[in-house]
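In the two complexes below, chain A is the common chain; its partner is chain B in one and chain C in the other.
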Partner chain A sequence: MAKPIDQQQNFFKGIVKENPVFVMLLGMCPALGVTSSAFNGLGMGVATLFVLLMSNIVVSLVKSQIPNKVRIPAFIIIIASFVTIVEMVLEAYIPFLYEQLGIFIPLIVVNCLILGRAEAFASKNTLKSSVLDALGMGLGFVIALTVLGAVREVLGNGSIFDWKFVSEDANTLILFILPPGAFIALAYLAILFNRLTLKTA
Partner chain B sequence: MVRNESTLLNMVLALIVITVVAGFSLGYVNDITLEPKAKAKLAKKMTALERVLPDFDNRPVSEILLVKVEGAKDSVEIYPAFKEGAFVGAAVVGASEKGYSGLVKIMVGFEPDGTVHNIVVLEQKETPGLGTKMKGEKFLRQFRDRHPANFELKVTKDGGEVDALTGATISTRAFTEAAQMAYEEFVKNKELITTTDR
Partner chain C sequence: MDYLVILIAAVFVNNIVLSQFLGICPFLGVSNRVSTSIGMSGAVLFVMTIATTVTYLLHHYVLLPSGLEYLRTITFILVIAALVQMVEIVLKKVSPPLYQALGVFLPLITTNCAVLGVAILALGLDNGSLLKAVFFAFANSLGFGLALIVFASIREFLELANIPEGMKGVPINLLVAGLLSLAFLGFAGLV
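Right, the complex of A and B next:
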């Protein structure tokens, strides 16, 4: 290893400077697809965080055993196994969330955020750095998805975390619940996020 | 850090080890979640039954009647309910493939004369915030205590009496189709389910 990594910075970079959703624009499929409510965004974020953490741990542990030419298929098998475990556990213990997230759980496998961290970080760094990297990146993803989901739920459904603050018959901006609203909300949040972090950087 | 060299043997070995470990751990997790999964499914069915049926004291789940229906993939499930030996109603699972994103599955509870007692949505993949409102009280309310014989289960646009969900007419159509199917099966099989011993 060339130089020791500043672990604190390693952890926080995933939340602010290299936020997977707002800065690196990774994992857009679940970020746009499941964030129609704050709770869905949070659930998806936590599921992804778990898979990211576990795959980073395993990849950093076995990195020296895996021949370079087959590293991508090896990583994918590791990731896919954890995703399947998450899917089975959710179905057994949190069936409500399992139904809400539907097809997006198996699709965590192809979330480029996870393979990206395995390939770009965990396969080159120590266990400790990889864990902190996964936690930072995962939390950044959780926060981004929850915020995006909350904004869309507030504007599109007049509620937050299923708590309704407008009357049942009120007209809300349904657009924000629909797919186009996801793009619009994401774009404005990304602008806002980058604007705010630019000053501190 | 010396990487394992990419010789054929190394590559094959690495992949074999990874897939075997992955396979065994998946099998293990599948084993331990098998029971909770079945339990979760049953619990869901039981809560649905309790919500759609009038008070009952038998076990509708074990007295289920499966009916083959032409054109439908799965057979229709009918759960008869009894209280102190008297028939108090039945829950019928109706389904439609014509939802905005495929299958819509609902459970309709009928009173002995065919009046709708309550409806619960079992499965749907409709648009969140639009079609998913079919699970809402505001939508389901209009069906309660109505008799499908004089409350036509069709969207008002199609000449029926069901108020469609805003922006989700297709989802509502699928819902009414499923409800209609449940009603037809209830009427057809009424003789069969009202007797306690089959």
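Right, the complex of A and C next:
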């Protein structure tokens, strides 16, 4: 390590400058697949944050024990173990969310965000930096998914976090809770995000 | 008849990329040229079909009898990772031209969630059998290929288009994907 990492910057980079969804385009499948409501987006985000944090911790602790050649399979096993834990906990305690997220829970394993941070960051840095990196990146992911879910829910269903603010028979833009709406909503959010970050930069 | 329904459902109605959101990374990542997207589709077709065959057998003859279903995620991802490596080694030896065409795409496939996703979805088919699961994987990889190649052809045209500054790159691609997904929505109710 040439120079110590600025920990504050290390934490905040995941939220704005290197936001996994809007900027780096990592973990797009769950970002598009489960965000038909704000609650689902939040649930998926938190589940991913947990796996990301735990795998970053373990990877940074055992990094010197893992031979370089088998590091990717080793990382995948570490990640898959935590995903299995999340899967079982959700099934037992929040069955509603478990059903809503469905196939995307086991698919947290192949979320390129998690393997990407393990390989690019946790395997090279100290425990403390890795924890902050995971928290920043994870929070960036949670925020992105919740915002995307909220936008789609507001436009498509006239509600937010299941609180309906239009009458039952009002016409909403159902398109936004259907698959095409996911792409279109994310496209406009990405434009907006670019615009905002370019202004502050 | 059953198989025809699976085929139409997987390719058009529940297209794996455009309506189930699996395999978005390669869909956005390697779709700037039609030729590369054909290579990627070929590699996915190959790996997805073999991976589903192996994971289906493993699930039914190893995990289920020994009550180890909760290890599904871990075993499947390991099997897929190992399989991709093996396919790469075998192809290199047996069919160099095919390896030339698909080689660079193979390592990318391990983290393609479509492969793991289809392997898991194939376990949940009605009256599932090995043949059905394998056919399901085959049909889904055709759906992946169709979406990818159509998307790549549109992107080749986009290069010549005059796009507003703020929408260049990611946003315009996502919008095109959204419109394509809208077109595929028209198939809903077909099966």
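Points worth noting:
Here is the rule we go by: the second predicted complex is superposed on the first by the 201 of 201 C-alpha atoms of A that agree within 3 Å, B and C clash if a C-alpha of one lies under 4 Å from a C-alpha of the other, contacts with A are read in each partner's own complex, and residues count from 1 in each chain.
As a convention for this text, a contact is a pair of C-beta atoms (placed from the backbone, for glycine too) under 8 Å apart; a residue touches a chain by one contact, two chains touch by 3 or more.
It should be emphasised that the depicted structure is a prediction, and the values quoted were computed from it without experimental measurement.
When the two complexes are overlaid on their common chain A, residue A:L196 makes contact with neither chain B nor chain C. Of the two partner chains, neither chain B nor chain C is touched by A:A120. In the superposed model, A:N157 lies in contact with chain B only, and not with chain C.
In the superposed model, A:V166 lies in contact with neither chain B nor chain C. By the touch criterion stated above, A:P180 is placed in contact with chain C alone, chain B being left untouched.
Of the two partner chains placed around the shared chain by superposition, chain B and chain C are both touched by A:S81. Once chain A of one complex is fitted onto chain A of the other, the partner contacts of A:K69 are limited to chain B, with no touch recorded for chain C. By the touch criterion defined above, A:L61 lies against neither chain B nor chain C after alignment on the C-alpha atoms of chain A. Looking at chain A, you'll find residues 73, 77, 80-81, 84, 88, 178 touch chain B in one structure and chain C in the other.
Those residues of chain A that touch chain C in the complex are listed here as 25, 28-30, 32-33, 72-73, 76-77, 80-81, 83-84, 87-88, 103, 106-107, 109-112, 115, 175, 178-184, 186-188, 190-191, 194-195.
Per the touch definition, chain C reaches chain A in the complex via residues 18-25, 28, 70-74, 76-78, 81, 110-113, 116-117, 120-121, 166-167, 170-172, 174-175, 177-179, 181-182, 185. Chain B contributes residues 1-7, 10-11, 14-15, 18-19, 22, 25-26, 29-30, 33, 36-37, 40-41, 44, 123, 125, 127-130, 138, 166-167 to its touches with chain A in the complex. Only residues 36-37, 40, 62-70, 73-74, 77-78, 80-81, 84-85, 88-89, 91-93, 95, 99, 102, 156-157, 168-169, 174, 177-178 of chain A touch chain B when the two sit together in their complex.
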